[in-house]
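Encoded as structure tokens, here's the structure I'll be asking about.
Order as written gives the chain letters A, B, C and D; numbering starts at 1 within each chain.
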Amino acid sequence: MFITMQEFPWAVIIIVLPLSGAMLSFLFPRWVKLLGVLVALSVVAAVVGLGWQVVEQGAQRYAIGGWGAPLGIDLYADGLSLLMLIVTALVCLGVSVYSTGYFNRAYFRRSKANYFWPLWMFLWAALNALFLSSDIFNLYVTLELLGLSAVALVALAGGADALTSAMRYLLVSLLGSLFYLLGVALLYHSFGSLDIVILSQQVEPSPAVWASVGLISIGLLLKTALFPMHFWLPPAHTSAPAPVSALLSALVVKASFYILLRMWLEIFPVGGTALGQLLGLLGSIAILWGGIQALRQTRLKMLIAYSTVAQLGYLFLAFPLGSYIAWKAVLFLLLSHALAKTAMFMAAGNILHFGGHDRIKDFDHVVQYQPLTSAAFALAGASIMGLPPSGGFIGKWLLLEAAIHSGQWWLVIIIIMGGLLAAAYVFKVIGYAFTQSRVSHQTRRVPVHMEWTALVLALAAILLGLAAPWPLALMDIGLPFGEGAAG
Amino acid sequence: MLLSEFLTSVLLLAGAFFFLAGTVGLLRFPDVYTRLHALTKADNVGLGLMVLGLALQAESWAVAGKLLLIWLLVLLSSASVAHLIAKAARQKGIEPWKQ
Amino acid sequence: MNTVYLYTMVGVGLFTLGLYALLIHSHLLRKILAINVMGSGVFLVLVALAAPTQGAVPDPVPHAMVITGIVVAVSATALALALVLRVRTETGRAELPEEPLE
Amino acid sequence: MEAISLLPLMTLLQLVFDTLLGFALLWLAWRALASPELFQAIVLFIAFGLLMALAWVRLDAPDVALAEAAIGAGLTGALLLATLARLEVKNRAKSELEKKHEVRVITEKSKHQTFFFLLRMLLFMVVATGLVYAVLTLPENTSGLAMPVLENLESSGVSNPVTAVLLNYRGYDTLLELSVLLLALLGVWSFGGIPKPYRSFPGPVLNMLSRLLIPLLIMVAGYLLWVGAHAPGGAFQGGSVLGAAGVLLLLVGWRLGTRFVGLPLRITLVFGVGIFVSAGVVFILLGRQFLEYPPSFAGVLILLIEAAATLSIGITLAALFLGGRPEFRRHK
């Protein structure tokens, strides 16, 4: 009524929509599926609205309650948060469509299935709030909202495995949050503000700042599952229901990485320091260790979960480089991994749903029975390996370029070896997809839209590579990674 | 003025003495029933004396009333809780100490 | 040593004590207690450093943050406790398996 | 003259008191985490929570003290005890083996474990020493945001600065925090299959107590909600007192009538967040920012939101205590 399109608060809408969706689907369990898809579509529309605003007018800042930082809480959207929101919207739309088939009565008790929707929409609201927040205490609250909903979703699968891994995940998540919160306390008492921008202007090295760097980093690295703090990830991501595994691997671990990235870019610039080298080293070990472990797995979902451990390692290779290109490369990898990993977990869910198991050796003509799912897995695998023209290829290419540019040849070797390992485990799965199993299995029909969703998301991961200039340009809005010329 | 301050001091000290006695009883008595006895009796009187002492210094009747209310509530809940604990102990089969 | 530093040190002490107990105990109920103690430690640091020195007003923002934190903590505790009961029903033990599932 | 000469004595006494309290806190925490019996551990933890409330009072944070006493010690303690009772109801005659499990400390011998154990210890040492050093070098008094909070108090609608921060300046945090509480309940319900609590036989005393206390508790909740605008108190403190009333009701065997278990209960649970979000969105439509209250209505609006939140918080906490989702059948 009184507001023009230019200043319509899309950022708020993006948070409020899934939050209201969660409440409505809790109130009216009968309508959950319809609500889920409707909310997903409208959030996508709102993200488009915000995207248009950001592209037209540059980075957006929105003062909730009209107070403005440091007294109030600000939302902030630049290229970095916009891209995170876009990929979240795509993945969540996919998950929404996929889940209408996955959580049907044949597979899940209805009472359980009904809880999926509100929990999942709370998770989405938490993700959107997290990517938009500019306030470090508000980030803590969103982290808790995210962690608790993720844990409840893992436990939804029921059974001893899912429950114990959910429990471990919960403890890790709470521990990580407390480390983060203590770091926030030290930062607040050093500079009297919680706003990232204000902090970045005032910050100067002191023991308290270093302590808070350490605390925040440990807390968030624990949540991001960087080697050797990855122990909780594979069981949790494996035993969760397939759409939840997809959400966890694609988005939830990235959320804590996003905060880390923001803090390190804006508050404590550590790119290129000794700490950065350490993170790069841990990332490299994660790539190799995760790859080798993935190769050793006999169950498909476990393999994909270890692949996540490895792929998360790549994200930390930017820290020893610390250059403009390296940051962009890592963000690009993050986006393409989110899409590809969602597709992979969905494909695994389809295979599991169809044959009732995910033992790789017992696959029975998967290609023949589920051609769309197999195609989705192969395409997503291509992006994970980094084959051209996928999104994964562009990301790795940029990362290689940055590594060569700075003369850090050991990183080049790690990147190539990681790619080879990824190729090995992806081909292992694809190889078995053609074989016949000696054991015959009871099979179940998989709804067609579950197969299509996986395929569309895998295609999106490939298309991301073809349309690379567009996201790369978006990343520069608001200059989250500094000036290009400086790098 | 001076008298009321003097009275307050005496009452507070007396209250503190009852608290001390109750705590010693809690630590030294042999079984759950006698400990409950020590705790509730002494603490209720102790708190009562403290409340009385503080009420003498209260700025208004409302504050004194609130203090009194606190004491009454504590009386009510500690009596009930003592009963419940003793009942639970009896149901668990803990015999009262005899010697 | 004034009040501010005293309580801040107690807060740090509680945090590390809780961390230690979280890592060494295997019973889940104890782990949850440990997390809560750690949380109290963090809250204490947050508020103690905001305590007024000589007559000034205390900073209310950390107070509000801690109230938020307390509510978040009780939510997480409730969820964790319910999960403990479920784990116990499914596995017969209120502990996590020593080795993560491979 | 007299007051001045007493001042050093008072500061000394306060310092002694603070030191004692600090040590008591550390000692209780340590005992709560190390005592052999789980029941004992929980009771010590509750005592720890109460002393924490005392520490908040000493730190001039009465709002936090109220929240800590009601939620941190009271409801968390009730939740812990209820869980323990349900863990033990499964096998009343606890085997010796399990008793050992309760205090078992992870001391596995395998190399893998030793490595991680050493890593943890190292982490622990680094954290402890580093933190102490960092805290000691902090500037002693940064006034933080006290000044802007007080300067804008006029237009915030309330005169208690903590309520102003919680419901107005940083109302968005509170909105998300209410969502966390709702989410926790949703999670608990989604687990399903939570064992029923140990059936209690309330007896005349508990019945009498509840009959006396519950109306009083509801009144106190209302009072705390009302007084929060200008003195310590507010939605969380009021809500948790209401939750305590709910817990007491559940303890004496009261259950929600079948008619109210479905949608009516769910509406009550969502009410707080729902009103909060709606209030925020309405102002967007009126051309203001999200959650930006007009100063002239702010007081009324905050009270309205807090009232809804108090109700939802109270019911949610009581429902969390009950554990699983309330059943449709009547118990008796």
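In this text, a contact is a pair of C-beta atoms (placed from the backbone, for glycine too) under 8 Å apart; a residue touches a chain by one contact, two chains touch by 3 or more.
On a predicted model such as this, the values are computed, not experimentally measured, just so you know.
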- line: Greatest number of touching C-beta pairs links chains C-D
Statement: The distance between the C-alpha centres of chain B and chain D, rounded to whole Å, is 27
Field: Computed distance of Cα centres, chain C from chain B, in Å
entry: 31
- prompt: In whole angstrom, what separates the CA-based centres of chain C and chain D?
  reply: 12
Query: Do you know which chain A residues sit against two or more other chains?
result: 137, 141, 144, 148, 151-152, 155, 182, 186, 188-189
Statement: Where chain B touches two or more other chains at once, the residues are none
Query: Can you list the residues of chain D that touch 2 or more other chains?
result: 127, 131, 135, 138, 143-145, 149, 170, 173, 177, 180, 183-184, 187, 191
Task: Kindly provide every pair of chains that touch.
output: A-C, A-D, B-D, C-D
- request: Write out the stretch or stretches of chain B touching chain D in their complex.
  value: 73, 76-77, 80, 83-84, 87
- line: In the complex, chain C touches chain A at residues 15, 19, 22, 28, 31, 35, 38-39, 41-42, 45-46, 49-50, 61-62, 65, 68-69, 72, 75-76, 79-80, 83-84, 86-87, 90-91, 96-97, 100-102
- prompt: In the complex of these two chains, what residues of chain A are touching chain C?
  reply: 137, 141, 144, 148, 151-152, 155, 159-161, 163-168, 170-171, 174-175, 178, 181-182, 185-186, 188-189, 194, 231-232, 234-235, 238-239, 302
Statement: As the complex stands, chain D meets chain A at residues 119, 123, 126-127, 130-131, 133-135, 137-139, 142-145, 148-149, 152, 168-173, 176-177, 179-180, 182-184, 186-187, 189-192, 263, 266-267, 269-270, 273-274, 277, 280-281, 284-293
- prompt: Can you list the residues on chain C that touch chain D in the complex?
  reply: 1, 3-10, 12-21, 23-27, 29-30, 32-34, 36-37, 40, 43-45, 47-53, 56-68, 70-79, 81-86, 88-89, 93-95, 98-99
